[in-house]
């Protein structure tokens, strides 16, 4: 019998935390070491259905699988659930495509020091997107709970706040100390896209810089697509197994997408294109201008190569590479 | 005495609270500037951490994001968000800085929304991000903010991040870690702490050029006052020089 | 027909259960040999994992420890013990092999102690190690063992690792993952499975040279028998050749 | 009110899982980036008291901080509690010195394919060491719970067995699914020693090969000493922050101990000396012979360098290095 009064958050839990249901899925998920090369359009067509709950790796405008994000908009996926963990530019683009109808929110409408996304903010303020509140750590732990094959993890944040009240969390009593903890439901997304530095054709991946929760995300998600700056031979993976960040068995498809995080930052590769991100933020102030802009940038570009070309191509990428490495000047290219 | 603006004052005063050998989780902007200033003055071994995983970088410039490449530049550790948050939860992180649209007398902070309908807020802000986590799990929470009576309010529209909740022991009774909580609020007008028993906000020192009346007039709730109310030591020459020349030469923060 | 010993028979028969593309967590010795044999025959992409963190190594020789350098040789991943165990808990691991001093009709295993006083056992064995974890969390548990009625016993002195507990649904009612459990027991005399409803051990096939009588006489509890009891397909020439020449050329395992 | 019947293990919980007590300790633990070089004898003298609860990193005879283990025996530490996670040779040596009186056991008396330690087995069978049962995964998760700053973690193993009955675990009901889980108490050891490949003077460490739970162990433990094959300049750590396995703030002391895992395996450095380990196992059969043996090997050697010299010195280490790298022959040294 409980000795303390335990509260529950009042908002909706969008996903099923039952570990036996997840196990049943994972039992039938292929874990074979087989080549998994695919294309962006095929992956988005075959691996995401309207109404699915999706998650995007990286940190909003850092190591973000932007080719997949654009293609979700281009293919007009609808009513998606979204893990708004540490999302910024990715959420901005997806809301631009009206793809999202429900969202676990930790951080979404802001772009950190750059300000807020007017369009994403509008959508949220109009009630177009149903929100359940969480925090960055909590979404990390919800993914970790799933990666561990559990239904929940205990923690000590969120207690006593409206963030808790408008979440779907529950309080529990620690069986050892009698103290009150929060219990967070495991989050098993239907689909996750993660951009990495290097991957082999089986999906063994390497990542540098901000890892956020992507190791847990790859494990927690039912279907996982990897976009990678570079494909590498498996021999290279086998020469340094300590460097494998995500193992092949988590991965369903692999696609080589150079500059795939653009306009986001890719650590040790290229810095973010702040001017282009600012363009998004500025044009969003006027809904019609934004519709024209996203038409030109996303709907009317055939693929991510065209988007890169539209925004400066190889010359721009070289410039961002120099910025990343703090190299002054134009690198002699002009 | 030097000329300085509000932001410079708040950064210099806040930085003095970060002692050498301590750990601090910071976001972009003023908190990062204050921590860098502390490193370059009295706390060379202040360990700066970012929630995206960067630990003890040698920051080449002000980061745009708490996860961008700068936060990992020559760092001692490239960790993950759960590891950083668990390090806070384990009690290894001394300080953090938060911001928000509203703060109340117990140091609770709203960075989520204005309005009374969560499903359709009048104004939506980013939400917690890592704010609730850091406010819950770090030992000492600080805030730098310009003060007015709308921001310093009797009742928050939404408690995003916990301060001392309803005061007294309520924070710990809710299950939050014992001994943690709001520490200092540095405004353009004053430096506040919290009363040990009631946990209500208490003015500790008054900034140059302001009066008790100014401070209370620009606060939407009744402030407590330290028995020995002090004058805030204004920014020193060398603090301002280092802040302007080394920490934020492009005036990203101090030019706001 | 070839000549072979009990160990060779058990390894060859067990190996056939490991289909291509499956995952298996193994210990040192016979389980590792069976998995390597499967890889070199019908399951080139069987993924061998070790609880200390080695995943899909190209094993240059039989490991001495489940964490030694061999288990990481040209591996695809050097992971940690919690990650491997959590991968099992998440339902991504198909097979594991266990050993033990005693096994009962529901596939429960004792590898902890003989005697009735836990504080002062007559004989102490290593204990669970990772055995309970793998028995709890992998989908299918296998065992290779020489059969006698002391080892196949009515009542264990200690249940180290769960089989079907007291049969029926009791394993899942105890909280263990749905659908997981003992799968095959390969002995020198027979291959057993488990009855779908009662979860009692059931003989599926009889090894060459043994009779039903032998099998029941060397078992301390009453066995069930498959309706269509088969003859165990004995080791094939090529299985024995690969086992002897490529998998265990120094006869560390098959020479026992 | 609980809807299901929840059990508890009957054996003793040796350590305090209260996260607020741990936080109070960690609040006062120095996290300054300062040089921490020390010596084996000083560390064991100053950082371990009789009755402390200790943990040893590595995997028993792989990457084991054997200089510290020997010194604990040499200094005659008594009544230690022990995290018997994946222990083999380390436990064997400590029991040889009669240092341990209580033990959380997952795996201790065995040495895997090599057989069992007769002396450790004798001590356990005589009831000289009080045991509480756990499993490898459970001790990993108990350390992870502490590393996370919690009092417990839920899991799905051990249920329904005597391993649970003779543990100090408790069953709990999942607040989301109503399912029965095990809850494992956080394990915050008083002291941990971990051997690593490379460390700087501040305690930033790199590790390759079997990591077991050492990342969590370093975070969970109140006092941590690192022995390292090699000291490296901090600049090298800063050139690859992704490679840091344990950060400085977990670490209280750093000691350079080349061949510090001998006779255990050190991945990518040297293989285990199986002949010498077999010597331990063989001589243990006769208690008097074992007393003579451990006197010669541990009590009468001044330090770990003498132990290495006694067992073949640099020539032996070269041989073990060739074995590690699968290089046949004598390397031309003879």
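Here the chain labels run A, B, C and D in written order, and each chain numbers its own residues starting at 1.
FYI, a contact is a pair of C-beta atoms (placed from the backbone, for glycine too) under 8 Å apart; a residue touches a chain by one contact, two chains touch by 3 or more.
Because the structure is a prediction, the values reported are computed rather than measured.
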Neighbouring chains common to chain A and chain B, by label: D
Chain A-chain C separation of Cα centroids, rounded to whole Å: 40
Inter-centroid spacing, chain D versus chain A (mean Cα positions, whole Å): 37
Rounded Å distance, chain B centre to chain C centre (Cα mean): 57
Touching two or more other chains - residue numbers and ranges from chain B: 54, 72, 78-79, 89, 137, 177
Per-residue overlap in chain A, given as positions that touch at least 2 other chains: 19-20, 148-150, 155-156, 179, 181, 208-209, 242
Pairwise touch network: line, ring, star, complete, or other: other
Complex contact set, residues of chain C against chain D: 27-29, 51-54, 60, 63-69, 71-72, 78-82, 85, 89, 108, 112, 118-133, 136-137, 156, 158-162, 165, 170-171, 174-177, 252
Chain D residues within the chain C interface of the complex: 11, 59-62, 86, 88, 105-110, 112-114, 116, 121, 124-127, 130-131, 133-138, 140-141, 144, 155-163, 166, 171, 179-182, 208-213, 215-216, 265, 267-268, 271-272, 274, 324, 326
Footprint of chain D on chain B - complex, ascending: 20-23, 45, 47, 54-58, 72, 74-79, 86-92, 94, 137, 139, 177-179
Residue numbers on chain A that touch chain D, as the complex places them: 1-2, 13, 17-20, 148-156, 170, 172, 174-177, 179, 181, 183, 185, 208-209, 242
Partner chain B, residues of chain D touching it in the complex: 19-20, 22-27, 29-34, 146-150, 202, 204, 219, 234, 237-239, 241-242, 244, 247-249
